[in-house]
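Input: one structure, supplied below.
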Amino acid sequence: MFIMDRFPPPVGGFYVAETRKLAVIVQSGTMDKLLCAFMLGSTAVAVDFEVHLYFTFWGLMMLRKGAMDKAGLPATYKHMEEQFKGKLEKMNYPTPYEMLKRMKASGRLKLYACTPTMEMFDINREDLIPEVDALAGAATFLDIAADADITLII
Amino acid sequence: MFIMDRFPPPVGGFYVAETRKLAVIVQSGTMDKLLCAFMLGSTAVAVDFEVHLYFTFWGLMMLRKGAMDKAGLPATYKHMEEQFKGKLEKMNYPTPYEMLKRMKASGRLKLYACTPTMEMFDINREDLIPEVDALAGAATFLDIAADADITLII
Amino acid sequence: MFIMDRFPPPVGGFYVAETRKLAVIVQSGTMDKLLCAFMLGSTAVAVDFEVHLYFTFWGLMMLRKGAMDKAGLPATYKHMEEQFKGKLEKMNYPTPYEMLKRMKASGRLKLYACTPTMEMFDINREDLIPEVDALAGAATFLDIAADADITLII
């Protein structure tokens, strides 16, 4: 994007504004990290980013049907879990799975499940929520990430 | 930056060296992660980076007055906390808050507090340390991060 | 890389395809995070990335001789450790240290140990595995990361 400011346009005379990309590896399976990733992802799709979420390890386990909304807080903050969940409910805050479905509805989210993790934890495609777009190894993610404007692991 | 090596200078004949940018989401509120973020940030301002720290979730809770220097180690390493804090004291290592204030004094740190988290945890502006530059949502951070040389979440 | 598609080649007529770079700060010392970093790193070297791993804090402690293969799961998942390790063994999955040595053998991995952490934890060069390429402060890492295609902290 910044290149547009600094170089004259190519022959033909104009630039096509490129879509910005956010690529996130979701390694964590706790509620705080999922909410953090999904708040970032939701905002990103709202401002027209293309969002790529690659779920691996504990994150991948949260892609199993019914798992995501049972996610809790990590050991360090376990004592605050009940209070935290109560507060979110009172705020009518969407659950992680609802947030994911809304992002998906934008048409700008792609969801990947890490194949080596699936083997490691004996998880099959049919165990996963239907929103998953592709089963993929790390090479796929590296290609996406190398080309992304922002890459994070959470 | 790397473009300078590869393309001839534009008409006019020279490039202005651009300031490099480091953007970090501080999601964690434990001492080890704060120290890690602040060591990186301190080094970055020392070598003339512009540093943007966006505090969210447990990180944001550490921006409340008096909170940062009470941060402890996460559950996994809790048993080492006393020894670790003692060692740092013996080294006269600056506390996290001291590190933050030094970064701030460089004029190259911008500090953001995540507004959705503030609502979630009932935190107001006057609860936060005065070093906070702006209350901001994720869209602000995405704009900064998309343009940064290094973006991390810790 | 993407610039190649958009700008005409410089005088001389061609581009040399640049090596892509992955830079990772390994701040964690738990088995799940090490495996995640090393799976990513292994894949990256296999598809010809240059990989830079900078070990700090709990990560650095895992560079001490004999430490890496004793790494366990974090408190949140401690109850699954035995089952998880058993599964990996049954799969003949390489240990973290074996993965590291294979990456190293590719000639495309550079391994850094964080000097401030070494001081903080009283660790000397001779305590560390021989695969470490350099003892380095954060400034070294920032230079590498600012120039990398993907930068992560795990």
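Going in written order, the chains are labelled A, B and C, and every chain counts its residues from 1.
Criterion: a residue touches a chain if its C-beta (ideal position, glycine included) is under 8 Å from a C-beta of that chain, and two chains touch if they have at least 3 such contacts.
It should be emphasised that the depicted structure is a prediction, and the values quoted were computed from it without experimental measurement.
Counting the residue numbers used at the interface between subunit A and subunit B, under half appear in both copies, so the two copies meet with largely different residues.
Overlaying subunit B onto subunit C using CA atoms gives a rotation of 120 degrees, to the nearest 5. The centroid of the Cα atoms in subunit A and the matching centroid in subunit B are 22 Å apart.
Counting partner chains per residue, subunit B shows two or more touched chains at residues 3, 7, 74-76, 151-153.
Chain contact summary for the complex, subunit B toward subunit C: residues 1-3, 6-8, 20, 22, 32-33, 35-36, 39-40, 43-44, 46-47, 49, 74-78, 87-88, 91, 93, 149-154. Against subunit B, in their complex, subunit C makes its touches with residues 3, 7, 10-11, 25, 27, 30, 56-58, 74-76, 116, 119-121, 137-139, 141-142, 145-147, 151-153.
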